[in-house]
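Two complexes follow with chain A in common, the first pairing it with chain B and the second with chain C.
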Partner chain A sequence: MTPLEYVWSGVLAVFQGPELFSVLGVSISVTLVMIFCGFLLGIAVGATPGLAGPIAMAISLPILISVFGFTPDALLPVMGFLIGIMKGATIGGAVPAILFNTPGTPDAYMTTLDGYPMTQKGQATKALRVAHFSSVSGDTFSDIVLIMCAPFLAILVESYLDLPEKTALLILSLSFIAAAVGGSPAKGLVSAGLGLLVAYVGTGQDFYPRLTMGMPAFGQGFPLAAAILGVLIVGAVFHELAQYWRERDAERLETKLVEDASQSLSLANIRGLMPYIARSAVIGTAIGALPGIGSTLAATLGYTVGKQRYDKRRKEDEPAFGEGAPQGVAATEAANSSVSGANLIPVLSLGIPGNTAAVFLILAAESIGGFNPGPSVFKFDAERVNPELVIAFGLFTAMILANIMNWTIGGLFMRSMGIMTRVPKQILLPIVLMLTLTAIYVQETDMAAVWFTLGFGLLGYGMRVLAISPLPFVIAFILGGKIEDSARQAFAATGGDPFFLVSSPVAATFMILAVVVVFASTGRRRLAG
Partner chain B sequence: MPNSSRVNVILGWAIVVFSLLLVFVWIPLDTTTGVIERVRRQTLIGDSMAPMIAGIFLLIGGALLLVFERKASDQPQIDPLNLGIVTLMAAVIAAGFLIMRFAGPAAVEINNLITGSDLEYRLLRDTPPWKYIGYFLGGVLSITGVISLAEGRFSIRAALSAVCAVIFMIAIYDFPFDDLLLPPNGDF
Partner chain C sequence: MREFLRIAAATVLTVAVTVSANAADWIPPGPIKMMIAFRAGGGADTQARLIAEDLQERHGWEIIPENVTGKGGLNMANQLKGAAADGTVIGIAVTETFGYNMAAAPGAGMTPADFAGLTTTAGFQMGIVAKTDRGWASFADMVAAAEGGEQVRFGVMSPRLADLAYLLGKANNVTFNIVEVQGGRAVMDGVNAGDLDVGFMAGIQAQGVETGELVNLASALSAPLDQTPEAPTMETLGVPFNSDGQFVFVAPAGLDTTARDAIAGAIAAVVSDPETKAGGLVQRAFGGATVFSGQELDAVLQSEYEKAGELLTAASE
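Moving on, here comes the complex of A and B:
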């Protein structure tokens, strides 16, 4: 098959997959419907403070797998649904930030700075329109970069990197994630070290499962879903509940929505916003392409760069940044939304998850089977069909479709989601907790998995209390086995060379960078502190 | 701004001690192959290598905390009350799951005592209403308990929300699927 035929097969896999129903004789595939449903759910959870895309992904994954089974046919509907959630949650997070000064997702915090003052001035709908337009523009730009870059990066890695270099690249990625996520490189390393350690319990090549202390319960290792959902979801729910408990008697801010007449977003308005959106989209995409650096940093940088530009050009009668400037909302939303597409570049091209949404896409791929994100996906085999490549182009198609939905109906749906902020968090979160534990059980069918999840939940809570980001833990847990396998193969392939990680210039450069990135971040942090 | 919290120092020492114990005690005692192994004239990486790398990550992280971040201005303040409430919540959930585990078989035993029949829960684990007893009771108790702890009081609204939520979960995880088992039925 030629590359173009692969692209076309991916598109057809989405549109001509198993039919769910037909409208006027036109077949509607199940994947299309799943992307749509995921997208609507994503907007709803993004607009609900305390919930976020990853929680919806965690709860829905076992249900989706039960519905679609463990066959390669399940990959596109399931992953399409998850992509829909990812896209929807990105715009949904701005709703409570603008209407009620409560960010629905952490990266929407910067949106409150100008979004909420706009609401107070009676421009809530206009602020939501600005947020939606900027968010979708940034996201679309990011997706285009992903589609253009991921295959080339993968081909580059596959062509020029051998086993020792790939092992060194994995170590560099882990070290980079540890250094970049959460602000403290030391705590990032601790988080990654714990993730690796947990990944190695009960595994290994010897007959005796290592590090189990003789306990049969640990003999099979920790289930992937229990560790990931425990640390990411259960830990977050405990943290939110503890915060709610602490602040339950605090006075709630009630916002009365009063709107003035001009709520539309004119062409002149859009022209004025475009320079801010364009800069933020580039910033967000560049940051998103690096594994582990989240959308919060992108939003902060986008806002700062936008503010510098705005301060130079602001007219006397226009509000400053922080006082209800639409440009502030645009700069933030374009930056944080453009991270989501680019975040998939390291996943699809290197198999390295860079954020929580990517973690769940990998979890789905590993649970279903038949698709292993990484450089081998992009093998343009002319003789035989590479089904993984068809799936990859199917995923790109799903992302484009989710963007089209976002452009067409996303704004309308987003603006109707203000009601979600009224869902009481203290009732919703315990239900989410039980849903997550039930989801784990139906997937593993073993009560031990529930106890493990609770244990990892407490670990995740403890990490949050100690200001240790759980993301390096999760990524290290996922990459742990891959690093070990790759190192074993590289060691064997080099004839037992103990210096295999530094014997080639590329591998040595990666290893030096792995050390430099940690110490440079530590030094920078020390100077800043 | 100066920060009086000593969290980083305590955490740093704890991590350093743990990583040293891991590298020098736990891994050697609980792994059967070394860092490098020679098997049939081939030199291979043993099972100890990867955990050693994890230990090194921890050791460097702990040491960096002690050396460079001991006086960091963004150290968290630990609130024992918050830790206490989360421990209580986890205990309530654990109690709920224990009830979930044993309520179904207990109901069958009580039924056997009353009716004189000889039913076994293992054979009824996929038969309504038996299969729902444990999940319903344990689920309602867990959710109600956690909501009550978060709100600082018990309320009828909490209990009703829990009942509705558990029925909803049964509806999405059990009704449509023949091959899925609700907790704890897969353990029988």
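Moving on, here comes the complex of A and C:
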């Protein structure tokens, strides 16, 4: 097949997949419906403080797998649903930030700075419109970059990197994530180290399960879903519950919505916002392409750059940044939304997840089977069909569709989601906990997995109390097996060279960078502190 | 071996057809858990799941497939060993699990005697395969390259195959860099991507060989490959061992004969019928069904287990 035929097959795989129902003789594929449902759910959870896209992805994944099964046919509907959630949540997060001064997702914090003042001035709807427009613009830009870059990066990696270099690249990414995410490089390294340790329990090539302390329950290693959902979701729920318990007497902030006349977003308004959106989209996309650096940093940078520009050009009668400037909302939302697409560049081209949403996409692929994100996906095989490549283009199609939904109906749904902020946490959190445990049981059909999940939940809670980010843990857990395999293979392939990680210039450069990144990040923090 | 398989298959078919009235009436006491020792999504996993579907359709048995992977099937065997021997738990692995892998891991505390063999479903067309672009038309070309000082990366997907690759090198006075990867697909991906020079492939290479992209340098079996009959066998290359093996269904030891015959007969009938989903797949991917079951199968597993010791000794010399 030619590359264009691959693209077309991917598009067809989404539209002509198994039919769910037909409208006036036009068959509607199950993937299409799943993207739409995920998208709606994404907006709703994004708009609910205490929930976020990854939580919804985590809970729905095991349930979806048990519905669709472990066949390659399940990949597009399940991953389409997750992509829908991811896209919906990016715009949903701004709703509570703007209306109630409570960010729905951490990266929406900067949105409160100008969004809430706009609400206080009676421009709530306009603020939401600005947020929607900027968010979707940033996201679309980021997706275009993803679709353009991922295949080329993958081909580059596959043709220039040998086994030792691939191992060194994995080590570099992990070191980068440990250094960049969370409180400090030391905490990041502790988190990543724990993740590797847990990944190595019960696995390995020997016929004897290692590190099990003689317990047969550990013999198969920890189920991927139990470790990831435990640390990320159950840990977060425990932490939120503890916080809620401490703050149970705090007064709730009530906002009365008063709307004045000019709520519409005119073409002139958009023209004024575009420079801010464009700059933030580029910043967010660039940051998103590096694994581990989250959308919060992108939002902060986008806001700062936007503020500098705005301060130079502001007219007397316009509000400053932080006092309700629509440009502030636009700069933040475009930046944090443009992270999500670019974040999939390292996922699809290298198999390295960069953030929590990507973690769940990889988890989906690993659980279902038949699609292994990494350089081998983008093999444009002319002689026979490479099904993974078709899936990859199917995923791109799903992203574009979700974007179209965002452009067309997203704004309307988003503006009706204000109600979600009123869902009380003491009801929400136990529901999330119960759904997570149920979902784990549904997938693993084994009570041991539930106990593991709760155990990892406690670990996740402890990490949060000590301000250690659980993300390096999870990413290290996912990459642990890959690093070990590729290191073993590289060692064997070089004929047992113990210095395989430093004997080629490229591998050596990666290894040096892996060390430098940690020290540079320590130094930077010391300077900043 | 081939002759033996043919006779075995014929016997089983006869047994399956004239299966006792008892076995035909057998009804499982509950849903049957089918433990699959392969990763979700691969050819082996698909085969098992299709068999489950076909059995469900034909006999109305409720079958719950579950992947229990790792340790060359020993994780699955370990769980199966402790399960109820009443026909409600069965497992699928390869014969290698009960032969070489159990022999190589005495610490796991399992022997084929802990299991009741049900039936094999299909064999593998295991070849030693390189990419045509690599420039080797035969096994001898590869050996010549290695003698000339080239490093040859030999991909394998199990410790037994690693031993065989090592012995192949030894018999031909060359050293291969033996790289163990996860599963046959990974070997093929590695060979295609140029990370590996050559590797064992258990039938997955058929399409590539047909289009001329890949080449079967040798048969890793006791018999020549169907697709490339001129490729030398292990024996011709000076190695008295081979990778003969089949997919095999087993149950915990102590399963009574009625249940054993009923399940084995039902599976054998499904895979031998090219009209079923599983039978169709077996035909396409593994070149047709290879079924032998009952005590004959037990004997095969036991003898593979005993023979494994010889290979282990030879490879550690």
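In this text, the second predicted complex is superposed on the first by the 528 of 529 C-alpha atoms of A that agree within 3 Å, B and C clash if a C-alpha of one lies under 4 Å from a C-alpha of the other, contacts with A are read in each partner's own complex, and residues count from 1 in each chain.
The rule is simple: a residue touches a chain if its C-beta (ideal position, glycine included) is under 8 Å from a C-beta of that chain, and two chains touch if they have at least 3 such contacts.
A quick note: this is a predicted structure, and the numbers were derived from the prediction, not measured.
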When the two structures are overlaid on chain A, which partner does A:T445 contact: first (chain B), second (chain C), both, or neither?
both
Tell me which partner A:Y208 touches in the superposition: chain B (first), chain C (second), both or neither.
both
Look at the residues of chain A and decide whether chain B or chain C touches more of them.
B
For A:V465, decide between first (touching chain B), second (touching chain C), both and neither.
first
Touching A:L454 in the superposition: chain B (first), chain C (second), both, neither?
first
Check the residue A:G219 against both partner chains and state whether it touches chain B (first), chain C (second), both, or neither.
second
Would you sort A:G480 into first (chain B), second (chain C), both or neither based on which partner it touches?
first
Contacts for A:A492 in the overlay, against chain B (first) and chain C (second): which applies, first, second, both or neither?
both
In the overlaid three-chain picture, which partner chain does A:E383 touch, first (chain B) or second (chain C), both, or neither?
second
Touching chain B in one complex and chain C in the other: list those residues of chain A.
205-208, 445, 488, 492, 495-496
Per the contact definition, I'd like the list of chain B residues that touch chain A in the complex.
7-8, 11-12, 15, 19, 22, 26-27, 30-33, 36, 42-51, 53-62, 64-65, 68-69, 71-76, 78-79, 81-83, 85-86, 89-90, 93-94, 97, 101, 135, 139, 142-143, 146-147, 149-152, 157-158, 161-162, 165-166, 169, 172-173, 176-177, 179-184, 186-187
Touching residues of chain C toward chain A in the complex: what are they?
39-42, 45-46, 49, 64, 66-72, 74-75, 78, 101, 104-105, 107-108, 151, 153, 159, 175, 177-182, 189, 192-193, 195-196, 207, 211, 213
Report the residues of chain A in contact with chain C in the complex, numbered from low to high.
70-72, 158, 162-163, 202-203, 205-209, 216, 219-221, 367-371, 375-376, 379, 383-384, 445, 485, 488-489, 492-496
For the complex, which residues does chain A have touching chain B?
62-63, 66-67, 178, 183-194, 196-197, 199-200, 204-208, 210-213, 238, 241-246, 248, 426-427, 429-431, 433-435, 437-439, 441-442, 445-447, 450-451, 454, 457-458, 461, 465-467, 476, 480, 483-484, 487-488, 491-492, 495-496, 498, 518, 522-523, 525-526, 529
